[in-house]
Amino acid sequence: MEFGIVGLGRMGGNMARRLARKGAQIALYNRSFDVTQSLAEETGHLACDSLQALVDALATPRIVWLMLPAGDATEATLQALRPILAPGDLIVDGGNSFYKDVQRRTAWLAERQIEFSDAGVSGGVWGLENGYCLMFGASEAAAARLRPYMEKLAPASDRGWLHCGSVGSGHFVKMVHNGIEYGMMQSLAEGFALMKNKPGFELNLGEIAELWRHGSVVQSWLLDLSADFLAQDQTLENILPYVGDSGEGRWTALEAIEQGIPAPVMTLSLMMRFASQGKSDYANKMLAKMRQGFGGHEVKEG
Amino acid sequence: MEFGIVGLGRMGGNMARRLARKGAQIALYNRSFDVTQSLAEETGHLACDSLQALVDALATPRIVWLMLPAGDATEATLQALRPILAPGDLIVDGGNSFYKDVQRRTAWLAERQIEFSDAGVSGGVWGLENGYCLMFGASEAAAARLRPYMEKLAPASDRGWLHCGSVGSGHFVKMVHNGIEYGMMQSLAEGFALMKNKPGFELNLGEIAELWRHGSVVQSWLLDLSADFLAQDQTLENILPYVGDSGEGRWTALEAIEQGIPAPVMTLSLMMRFASQGKSDYANKMLAKMRQGFGGHEVKEG
Amino acid sequence: MEFGIVGLGRMGGNMARRLARKGAQIALYNRSFDVTQSLAEETGHLACDSLQALVDALATPRIVWLMLPAGDATEATLQALRPILAPGDLIVDGGNSFYKDVQRRTAWLAERQIEFSDAGVSGGVWGLENGYCLMFGASEAAAARLRPYMEKLAPASDRGWLHCGSVGSGHFVKMVHNGIEYGMMQSLAEGFALMKNKPGFELNLGEIAELWRHGSVVQSWLLDLSADFLAQDQTLENILPYVGDSGEGRWTALEAIEQGIPAPVMTLSLMMRFASQGKSDYANKMLAKMRQGFGGHEVKEG
Amino acid sequence: MEFGIVGLGRMGGNMARRLARKGAQIALYNRSFDVTQSLAEETGHLACDSLQALVDALATPRIVWLMLPAGDATEATLQALRPILAPGDLIVDGGNSFYKDVQRRTAWLAERQIEFSDAGVSGGVWGLENGYCLMFGASEAAAARLRPYMEKLAPASDRGWLHCGSVGSGHFVKMVHNGIEYGMMQSLAEGFALMKNKPGFELNLGEIAELWRHGSVVQSWLLDLSADFLAQDQTLENILPYVGDSGEGRWTALEAIEQGIPAPVMTLSLMMRFASQGKSDYANKMLAKMRQGFGGHEVKEG
């Protein structure tokens, strides 16, 4: 056994399940051992109760795949793994880390001859059944070692995984992917909002979403998902109009600014999410006061 | 007496006051006669209790200046005036009508040899003291008749009024003016929002607004107004983050689309106002559901 | 024979071909008779050399499907058909007309008891093989008569066509569909632009587009198309950066402004197309001059 | 003599001139000694031919005001000054440095008991006559030492300068100021573009800009500047539609993303500048190819 997964949340857990279905046997570690044990029983994988145990369980050269939240969790685990791994071992960061952090860590791990690879993973909760879309950066040698696992995780052995380039490129490509996702989602949402409120037509948004799935130019997975939930309830009356955002949408906007390349739709989609979080309230109060100041327009107080 | 004002609200009332201060005597009409009487007593102008009375009080060729809300109020008054005015009389629409409506009405009034002029008026509640900025469309002949009144209403006899071109051009220029206003306001508001929330600096927004009034590139009347209210209260904690919008911001955006000329900042400023009015809620609910659909992200229910 | 198509361009021609493959026999008319004859030979449909001939060839109650450019061509053909059709006949406007024009025409045709239906058709050049996505507005009676043809034109007899509601709703839904398309396209394009120019990674955009087709959240038909052309040439060096726009992108933006619902991404996508057409040049010249005015920044002259 | 200026370009040179007019005598240093000598002759200030000479010429505790391009020039000069200044000396960075760089440098200079202050300076080429708008961060003690110079540089001794807060706050406030400037400029430019191209009205943009300066809500210094150049030439036919951008517009956009506060207008103004620089070409080529792919729309090749 040469391959272990650290982090068995929604993504990591299902990836372990998919590898089991495809006949791979691997080692598992999760902060909470209950989760590890339960998943090991389900899959036949090996449960490890510490990072050291996982490292001990793997034959060298090892592959340790981290499926952790970007930021502190990933950083702390890398700090813990670095001294206990051996030269030639390979760590894969499968979370959504910033590509510049990846590049920094690559150099830092290389000081101990530990290889590093960054794998962007798309596919969400559907990946277990359909396979994950994997975009990774790695040296040629590391890519060759990862290939058998990529072939099992991806939708088909020759499709849905790509060695994009040097380390960092995987998360860079995933970052842009998510930026595109922001814009596509926002565009779909705006369109349905225009139909929802259209007086006179009483449109059935669930039927329209389903319709467009068949032959239209906007066919997409995001539309498929929308058709699913709109078929059940198109009022969305119990949903709060709050849209979270995660690092990659922000990083894509930063990247556009840094490169000096216009990405207005991706950036604006991010900012509309900020607005949904109430973050434009002060600006709006200023505007209300300015209107009052020059035109005597009423200001709503509350 | 040749000149009458119809509509004595915030704008029309103060314009009547300014004309009185400058020595003009005019006739007044307002839907509510109390308002007319009270203003006539204050200014020495003539109070009329009906449109017919106002028409009767004026010597031909008359000038009737409407200072009414665009839309139904203006349309109804024009319908009432058309049959009771004489050929050669001149109606001025000083409200914020859409310039295409102006052009349509010009032709319709010309059928009875009634002249029409459209005057965009800026200056808000400060116009009484400082003078109004007036941009109007009219024939050359009508412009010559209006000149003495423009000279009194404007900040100075030779500054602050402009015969922009043919009828319609006045409201077109005023429409663009307001579109610009939307963008400038939004830009100022965004900037103060970034400073309001900046951890570590505890910036005094009132002092900063006052500072920028002296020598900086963003010196502007909108900044002056902001400095005023921020000096009193920079928390704005009792203000609701709701920003109204009126016709001209929308028309400017429509104009950009019709001409095919990018006006992203003016248009987006308008849409941020829509968002402040809660009009992006359905789109945001859709986005929250999509995120749940592909990534299992939590949806807030309420 | 009850069904005729008027307008045999890229869309109309292929729709006639698809109907032939599905066993329907129809009448054809095109402004240029060469096109009509050639298509009739290929499909076995009936070639008509005038609108009158097409009307004469069809049994009542007739169905005449217009597949013409919106605007003058559609208007002129409706003017020509109205007097020569009989009460009970049904005209379908399959072009991209503005839904408010559809509503106006519905009333005008109803004066002669001619039924009207508006059918938005998506699917482009791929519709012949895969079927068209059809969204139409019609009375219940008209919808029933159209059903057999919808079943043949759509991807499957029970999928890809929808009677959306009353007349006008079809083109309304299609309009919003195209607005969404604008935003999705822009988002994809922005993302690839960020990858194209990324120093250090030398990403293969064709491989990345192909990758994302398998399991990723941005899976979409627009991505499929992008993967096709990027596989052939990802430099795009011989393509001019000029993006055309058509009525529906503009109408969607107008609709958002009219309803007062934010659609910033769809609207901005439209405006970026205007910019690609050189329509922001004057604004940019103004900006360059302002920068020179306050900061002495160099202005490029040419 | 306690005060020296390093960097005598457009800004630094005029600041030295203004200080001379106000009766201060200072030391000057510029990379090119010709410039230093010429300005010293004009102003009566002391010409120094090296940083060391400037340091030697000043009595302790010194104030050395850098008026250099942000980035390498400022960094190199700080590196050179740090070892040759004495504890208690004060460096002022008057360029447009990023506020996080300021904070980093503050700590690094404090290791040698050198004080640091960051002064954002607005006013451009007009500052010599009208005074500069100065926003600076400093300790209380440093602020007290800078006060006499602020009073001379500002439009009036008590207006136009502000001690915003701790070191870093000056450039933070200046950064936001410039972000606002981007949005105000863009809004004005969009408005004039809509008027420039308006068929039927033949508007005189120079007259309109001048008009709005008197009593309108969009009164602003940027409008004053626009009125100046439009009065001379409103065709702008010899100007290239290329708009440069500098660090502060980008940093403001980054700040908005980092804080998670919507700043769509400021950000979009920046991106429209990128577009004016041809940086959306690849995205536009992608869009043209997608349109060809699904709809057979013509692609312009060149």
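Side notes on the structure shown:
Residue numbering begins at 1 within each chain, and the chains themselves are lettered A, B, C and D in the order written.
Note that in this section contacts are C-beta pairs under 8 Å (C-beta built on N, C-alpha and C of every residue); 3 or more make two chains touch, one makes a residue touch a chain.
By chain, with names taken from UniProt: A, B, C, D = 6-phosphogluconate dehydrogenase.
Just so we're clear, the structure is a prediction, and the values are computed from it rather than from any experiment.
Comparing mean CA positions across the assembly, the chain most remote from subunit C is D. Looking at which of B-C and A-C shares more C-beta pairs in contact, the answer is the pair A-C. Between the Cα centres of subunit A and subunit C there is a gap of 34 Å. Between subunit C and subunit D the centroid-to-centroid distance comes to 48 Å (mean Cα coordinates, whole Å).
With each centre defined as the average position of its C-alpha atoms, the distance from subunit B to subunit C rounds to 39 Å. Touching of two or more other chains is recorded for residues 124, 126, 186, 188, 190, 193, 197, 217, 221-222, 256, 261-264, 268, 272, 275, 280, 283, 294 of subunit B. Against subunit D, the residues of subunit A that register as touching in their complex are 217, 245, 250, 253-254, 256-258, 260-264, 267-268, 270-272, 274-275, 277, 279-280, 283, 294.
The residues of subunit D lying in touch with subunit C in their complex are 10, 124-126, 185-186, 188-190, 192-193, 196-197, 221-222, 225-226, 228-229, 236, 238-244, 264, 268, 272-273, 275-276, 280-302. Residue ranges on subunit D touching subunit B, taken from their complex, read 122-124, 126-127, 130-133, 135, 154-156, 159-162, 164-166, 168-169, 172-173, 176-184, 186-188, 190-191, 193-195, 197-198, 200-204, 207-208, 211-212, 214-223, 252, 255-256, 259, 261-266, 268-269, 272.
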